[in-house]
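In the two complexes that follow, chain A is the common piece, with chain B as its partner first and chain C second.
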Partner chain A sequence: MDLLGQVLINGILLGGLYAMMALGLALVWGVLNIVNLAHGAFIMLGAYVSLYLFTYAHIDPFLGLPITAAVMFAIGYGVQRGILNLIVRAPMFNTLLITFGLEVVLTYLAQLAFSADFRTINPTYAGDSIVLGPVVLPLARLMAFGVAIALTVGMWLFLLHTRLGRAIRATAQNLVAARLYGVEPRHLYAVTFGIGIALAGAAGGLYGTVSQINPYIGAGLTAKSFAISIIGGLDNPLGVIVGGLFLGILESLTALYIGPTYADVASFGVLVLVLIVRPTGLLGKAA
Partner chain B sequence: MKALRIMLVLAAFAVLAAVPWFGSDVLIQFGINALLLAVLAQGWNIIGGYTGYASFGNSVFYGLGSYGVGIAMAQWHLPFAVGLVFGVVLAVTFAVLLGIPVLRLRGHYFAIATLALAQVMTAIVSNVELAGQNIGLVLPPLNNDRLFYELSLGLLVLATLTVFWLTRSRFGFGLIAIRENEEGAEVMGVNTTLYKTMAFALSGVFSALAGGIHAYWVTFIDPESAFDISLNVKMIIMAVFGGPGTVLGPVVGALSLSAISEFLSSEITSLASLFFGIVVVVAVVIMPRGLADMLRRFRKTGWRYFAENIRTHRL
Partner chain C sequence: MSAKPAVREPLLDVRAVGAGYGGMPVLQDIALTIYPAEIVALVGSNGAGKTTLLRTLSRVLPATGGIVMNGHDLLPMTSDQVFAAGLVQVPEGRQLFDRMSVQDNLLMGAYRRTDKAAVARDLDRMYAMFPRLSERRQQLAGSMSGGEQQMCAMARGLMAAPVLLMIDEMSLGLAPVIVEQLMGVLSTIRDEGVTVLLVEQDVNLALSTADRGYVMETGRIVHSGPAKQLIDDPEVRRAYLGL
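On to the complex of A and B.
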């Protein structure tokens, strides 16, 4: 029972982080109708930005998150403005293909710049944990979970209540009408993509404190983010929290009862199943 | 004009067929790889180019074909041909069992579902005892690169003739109708589920045969290399670069991109993958309908062709 409790806790802590990873993908998908296959590569880049800030500038990975997010926002803004805006109206397949190409380029450049070695961001408190009755809460994971949930909820409030958030949602609903009300779409698309990438980068920074990173982690994380967006649905940013927790717990349980190599099989299996049974997401509105 | 084109294709084929008799070993080995990639691109063309279902999981068929040959030859000591058939049976079974549910999805959803399938295959096969788990299988060696070259070329010709048949058969018209308007096709009496599944299976058959030939040629397979996801990137890029939904586009795309990437990787190792990434990004922006369309229109519009592509698709 203690083991099961611990595994559930681990799953929940991991799930919070997964939710934040998926949030950026869901935002870009929902608003720009681009499924960004390079999303995981941006998570990976964010992890390296945090790692370098920590290693060379000695900035704590949690305190450095705003810097990581800012750097990634700038990259995201540039990519959307310079490349993706050029093909926004092309068929869906072209946007998939171009982001696939971006992921190949980013992964390659990362391998060139950072080498293929596994790295971790190791602050002094990395090994600390809080013992809570029968279960142990690793401090870094707990903090990553807290920050991830706070940012996800904050993002939701931002979209609901700020002027920029409303403009983003209006664009998602009806581009032409939003334009008539004074939204400048090229800028707004770039800002939205930038926010999505900033979230991905910050999630990467957190991921680097709880797990090993290397240039190749991107593809798997993209697929997980996609699975979470599908499970949670794109209509409500809080859906990703449900999706993330679900996936985190599922992976932990599969690793315990069936075997660690099957954790990914379980999550992608669920993805395919959900797609077939209910393509708008378990929590999404019916099509 | 038409006769000229046929003559050109035949001449190109004759040159390709003669390569093993005048080329160096390195050239033959490069040729086998390039031809097998062209088969994959042509196989993808059937489901992605003609039917309009962008599969990101055709590497699964390739892997199943590799393992069909691998299991038959290394575990059961059966001849190569039986292995190829076994691989094809595996691929068709997969295409039917998973194709029927997955082909109900459209657009992004189909693409990602197939990508997810491609991602789980490595983990699944790593746990199958018959497939040698994650250690892999060693096949009996056959040191005859000429034979493998001609086999690969033969397979490419077969795949290309099949695609040519699509352009003038009822079945092919059905697939194109599905691509252009699936509801419309259904209303006109096309059994869309059957047609899509058959296209997926046909695409799988060629990919599996390519995988089988490759497995016997390199005499060693393991889950990582047989179900390599980056193969999807390559075959899709080659087909799209050459011109999806055309008979020769994917072949031209595959052979030309293979040649450039081989040249680059002999200059600087592993620059090839960066090159593929950049080609996709640039090609999608300035020539989204591939070489075939570009060559056709470039004569009329000249350099404006690229600018017009950007103008129609930008925000």
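On to the complex of A and C.
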């Protein structure tokens, strides 16, 4: 019973981080209609930005998150303005092809720049944990979970209650009308993609504190983010929290009862099931 | 200057405008004048060029001739600049943000306005003018009836603080009783000082509310004058009213 409790806790903590990873992908997908296959590569880049800030500037990975996010926002804005705006209304196949190309380029540039070694961001408190009755809460994971949930909810509030958030939603729903009332789509798309990449980068920074990183982690993280977006639904940013927690718990339980190698089988099995039974996602509105 | 007799300055002055699609002329020698705080109807059957004229005024289509609004030469402007100058369109088919609340739709109308206090005042004004929208401010725009959606679209247009509001096919697909209400709203808007260009296929309806009217046919203005006079014009009656 203690073991089950601990596994559930681990799953929830992991799930919060998953939610934040998926948030940027879901945002870009929902607003720009681009399934960004390079999303995981941007998470990876964010992890390295945090790692270098920590290693060379001695900036704590949690306190350094705003810097990581700002750097990644600038990269995302530039990529959208310079490359992706060219294909934003092109058929889905073109966007898949170009973002896949981007993922390959980013991965191998990262390999050149950072080498293929496994790295971790190791602040002094990395091994600390809080013992709460029968379960243990690893401090770094708990903090990563807290930041991830706070940023995800913050993003939701931003979309609902700010002028820019409103414009992002409006453009996603009706581009013609948004233009008619003065929205400049090329800039708005770039800002949206920048926000999505900033979230990905921040998630990468958190990921680096709880897990090992190398230049090749991107593709797997894209696949997980994709599954979470589908499971949670694109309509509501809170959907990724549901999807992320669901996937985190599912993977932990599968690892416990069936075996760690089956964790991915379970998550993608659920993805297929959701697509068949409820294609708009668990929180998505029925079409 | 003071010696000049008081002549009403036109708000929009369109002269000898021609436009078309890819070298194919659609509009020819269009002349149209709109004065402040009046409702002008632009009527004509399907394919007469009304929407092309709207697109020309919004500077979506290249054109020749002269388009002057409020002293600004619109011809060299982009559609964005024309919007900033106060030429606001309520598009055909309403084009609401369906999965956003009524209030969010109205606020999107004011997207480019920076004076928060003035926007908040205008929002209150809209809710006073459209009590139905006031009751439904948190409801999703797409879940309302057609008439309510049209009200929402018009209120969104007004939130942009237009100098001239162009409404494209307001009555399309709406029940007569709803259309009558909307026409009443138009008069209210006019009385508040907003100038309206009403583009309608329903000639009788448009002319019975408007102050003046222009009748289009195959890309030209074929009749113009006070709306009451046009309704009684035997040629207009025969061609459009089936009388």
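Before moving on, here are some points about what is shown:
Keep in mind that, in the parts below, the second predicted complex is superposed on the first by the 287 of 287 C-alpha atoms of A that agree within 3 Å, B and C clash if a C-alpha of one lies under 4 Å from a C-alpha of the other, contacts with A are read in each partner's own complex, and residues count from 1 in each chain.
Basically, a residue touches a chain if its C-beta (ideal position, glycine included) is under 8 Å from a C-beta of that chain, and two chains touch if they have at least 3 such contacts.
On a predicted model such as this, the values are computed, not experimentally measured, just so you know.
When the two structures are aligned on the shared chain, A:176 is found in touch with chain C, with no touch to chain B. Between chain B and chain C, it is B that contacts the larger number of residues in chain A.
Contacts of A:275 after superposition on the shared chain: chain B is touched, whereas chain C is not. In the superposition on chain A, contact of A:168 is made with neither chain B nor chain C. In the overlay built on the shared chain, the residue A:143 is in contact with neither chain B nor chain C. By the touch criterion stated above, A:227 is placed in contact with chain B alone, chain C being left untouched. When the two structures are aligned on the shared chain, A:83 is found in touch with chain B, with no touch to chain C. Listing the residues of chain B that touch chain A in their complex gives 54, 56, 101-102, 104-105, 107-109, 111-113, 115-117, 119-120, 123-124, 126-127, 229-230, 233, 236-237, 240, 270, 273-274, 276-281, 284-285, 288, 310, 312-315. Residues of chain A that touch chain C in their complex: 163, 166-167, 169-170, 173-174, 176-184, 235. Against chain A, in their complex, chain C makes its touches with residues 79-80, 83-84, 89, 91, 95-100, 104, 107-109, 111-112, 156, 160. Residue ranges on chain A touching chain B, taken from their complex, read 29, 35, 83, 85-94, 96-98, 100-105, 107-109, 185-186, 189, 219-220, 223, 226-227, 259, 261-262, 264-265, 268-269, 271-272, 275-276, 279.
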